[in-house]
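Note that chain A is present in both complexes that follow, paired respectively with chain B and with chain C.
Right, the complex of A and B next:
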């Protein structure tokens, strides 16, 4: 009799645990983040392939003042895509909707930080020699653009807060939180005061 | 991969005998640091400015009367910094590598303990939502975040300019900035060249030489807060007064 009651207790405990875990790790993130598709399909692999032969910094370059230019403007695309290359749906959309009318493509930025964060790309890539993919993941090897997961309340990308709700993998490229920045700064013995990164 | 960077101590020397109280430093500072415009009823106690020009007189009759102007910003105290210890939010810290005292508005909860603790009245509270006159929004400096209502703000030695200088230096492959690459807006704007900004730890710098000179003094030195803003004057009464008594907030020209 006692044994049965204990079994029942354990069973309810396990069921409760599973339900709570599912809610916390799957249901809440699914409800919290809305999934937004990029305006256009884009393959990094095709552009960096031997056939096309572009380098990363052909599009994602630093300015002479050291600032990061980010995602390229349509002017860079026009160099090759003035006329449609091939007949894919995205190619035609690029030429008809953006290149011919001269409109910029409203790309969604996965790694946009809050306004009060100062992140000089040049100090990290040129001085500390940190490869882009350490924070951005192997984005240059992707064939398609994944949808942006945007927090419904704050508007920030899920790339910032982190994709893993279990908290096991909490470092770039899995998350780009302040604690991730601070961890790396302390490991390398560089400035970790508030004003080092906040403006 | 641990790098040792030279210890800097950024500081400022203000020559009171050169200051004629024009307020160009206040204007330049507000523009540089996106200080918002407060409504007219704010008065002197609820206004916003990161550097305030005080006027003090020797209280004597003409022809012996004399007036001095003291621009007072955050003094970036290097010893027992009063605002740091009282902040319940850790929104204030002293950068161990360059001595600049920060104020992080996103952490601030607006309790204003730091304003009480600061002996120099150098901290200001946002009583209103930040507004800028119509048409001037596009003049905002993208290197400085505007503050919201309900938080404290103060001088940080134009840290946005420090960021920009660091970024430029890094693009040339340097991890350290040269002294001439980083200046505060107030020092640049002063038409009389009364403000000198630089690294006090560098003994050859102009600011260190001036600070070590016989005419230099610190505000409320007896408190032992070790301010990194020094003042110069040949007038003994100004030195005696400013070293001992807090500057009077009432009776200022813009009150």
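Right, the complex of A and C next:
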């Protein structure tokens, strides 16, 4: 009888353990992040193909001041898409809703850092020679834009925390948390004081 | 046998859940998110998103006019940097300039017009009502007042805006009053020259000796970068800096020679130096023989300085006779610059001290020679788009007491504070009214009857200043880098709305007019901040090209001019000043018989806003580091403190016949015995708010009865019993 009682208790412990782990690993992440579609479909593969022949820095380049231009303005799209190329739904939407009225496309940024973080792309890509995909993944090879996963609490993109909910990233794209910045700075012997990034 | 759940099973479930949760990232992620969530409340202001832009402009926070590179995101500036190669600032920006953009969001910013009612309370009123009230007061003043009863206090005279003020005042028979600025003493030198004199500048970069009477030569004098450049030059290449100052300022500590002079004895020392130059024949004999109008004869300069032997001067100033002779001989060894400094809080030297100091320049033949005092040609500033009579420009000290019935204070940041009592003396005791057109409350204008808020320097276009050490004239603009809020208004627009008989041009019209005249002059060159290089003005084909360059942050600089020193008077033309020079050896009498035990010497930090507010980020820094002590601290030497019974950290009350302030005692052995220094300016406790209540600031204490000079204030220092 005593053995049975203990087995029952262990069974309840295991049930609690499994339910909590399932919640912690699957349910919480699913509930924590809302999924938001990009305003427009976009294929990096098509644009970088031999047919189109664009280079990455045609749109994502460093300015003469060393700043990162980030997402291109609509003026860049106008160069080729002043008139619709093809009849796809996204193409027509691009021309009718954004190019003709001269509106900027409200792209959702996967790697947006908080306002209090100063991140100079030029230092990381030119001086430290860190490849873009180390943080952003192999984004240039995507056929479509994935939805932005936005944290309902903080408003941060999931890319900042990293796609592995454990927060342990073993391969690119790396997460972009403050601790990741500090770890990398220390590893490379770069200044890691508060004012290095928060200024 | 039925299945039953016992309490132990439930505890097992909870325990398993706890362990399971701990083995998942959820709790740790939750802690992280909650921490971030608490830092991002929805009601907290957020930076705008938008394109990143870089634009060039000039700083308008003081007359130095440093070149700025402003990085903006979504139309809001987020970063300010210097402009390398800039002809005036050479990449330098002071701490105030770097943080100046925060002033637009300063908590003490005035966000609506206010008026003091009959009950003495200040209340908000609509903009139109404020302008109507100003118009009514103007009518009252014109109907009952004489010459100068309407006046504008201009903190940065010499701008095109100043000409518009003078034109507006010209129609009202009003007075245009110069606020304090760094080059105020230069006007004293101009007054010593016989006949019309051009604008003058100091050629510090090429001087062999700099004789500074309290000027912040190494702390941002003139173009700001001058100090850092002087510090960076090798000893054989840089001028020999003699700092004559009571306070152990950073310039005093960094100068080649610091003369710790007794308070208020600068006139005596200058005449003592002149005594050595004259008696040893070290002056420029050719210039003096040809141009000096008052060297010889009864009451002449030679007779005056003969009474100031080094030995006698030593007893009064506390500087030994051998040092006085050594400085005089060094001074005469080549081109030298004399700077009777204007302190941001302590104000100018007395008129006679300025005159005595500049007489050294004239004796040395430095006026008109490189490395001395150089001339700047007027460049497009003497005309207005529409002609009109211009009111005279006068120094505040020269305005008759009680003569102003309506004083309008321009809102531009000057950086130099003036005592409340000095302004009050100039106002008519029964009918004097003050209207402030400043974006912030300023200490001397704390009780302004009417306030109409204007724009801050980063929000409006205006002329940047021409620093005191610029050898040539220049034109740079403060190009707006952020949008002005709806409640702020340009001062010229206010004047145009109340103008009865004159048309007031807009600031853009004025600036464009000067730009066009400069273009027509075909002189000088234009610096392009985006390329870091200058091109001759003649390469600008049209006046529109020049205007576009200036509104893109460019700087036009004039070609240098030659200038022959005209005849001059070594003691100046003013009989009162000559008389005071002759009486300089007499012991000064204390004001109204006030028995004092200590000398209060207020001062201001050159780069920490003597008058306007301090950006909160700087207030926090200074509060936590004591890099800049504010008016809550009094610096005093240990001996004086001991004699008066004070130790470090004591609370003390500094008292004059006009009031008292409470301070904390800070000991510094470098302070002269018998002197206490208190900084003038914004409080670092109140987000850098300059508008502390009346009676809190050291400048509420001087009576300013001696020539509008308040550097030396007789006072008592008493213990505060808590």
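A few points about this structure:
Just so it is clear, the second predicted complex is superposed on the first by the 182 of 199 C-alpha atoms of A that agree within 3 Å, B and C clash if a C-alpha of one lies under 4 Å from a C-alpha of the other, contacts with A are read in each partner's own complex, and residues count from 1 in each chain.
Heads up, the rule we're going with is that a residue touches a chain if its C-beta (ideal position, glycine included) is under 8 Å from a C-beta of that chain, and two chains touch if they have at least 3 such contacts.
Remember, predicted model here, so these are calculated numbers, not experimental data.
Considered on the superposed chain A, chain B and chain C are sterically incompatible, since they clash. By the touch criterion defined above, A:45 reaches neither chain B nor chain C. When both complexes are overlaid on chain A, the residue A:123 reaches chain B alone and has no touch with chain C. Looking at the shared chain after the overlay, A:115 reaches both chain B and chain C. In the superposition on chain A, A:28 makes contact with chain C only, while chain B stays out of contact range.
Greater residue coverage of chain A by touch, when chain B is weighed against chain C, goes to C. With both structures placed on the common chain, the touch criterion links A:161 to chain C but leaves chain B unconnected.
In the superposition on chain A, contact of A:67 is made with both chain B and chain C. In the overlay built on the shared chain, the residue A:195 is in contact with chain B alone; chain C does not reach it.
Counting contacts as defined above, chain A residues 65, 67, 115 meet chain B in one complex and chain C in the other. If you check the complex, the residues on chain A that touch chain B are 62, 64-67, 115-116, 118, 120, 122-123, 126-127, 187-191, 193-196, 198-199. Within the complex formed with chain C, the residues of chain A that make contact are 5, 8-21, 23-25, 28, 32, 63, 65, 67, 69-70, 73, 114-115, 151, 153-156, 161, 165-167. By the touch criterion stated above, chain B contacts chain A in their complex at residues 1-5, 91, 93-97, 100, 102, 104-107, 143-145, 156, 159-160, 162-164, 166-171, 173, 175. By the touch rule above, chain C contacts chain A in their complex via residues 5-6, 8-21, 23-30, 32-34, 36-37, 40, 46-47, 51-52, 54, 71.
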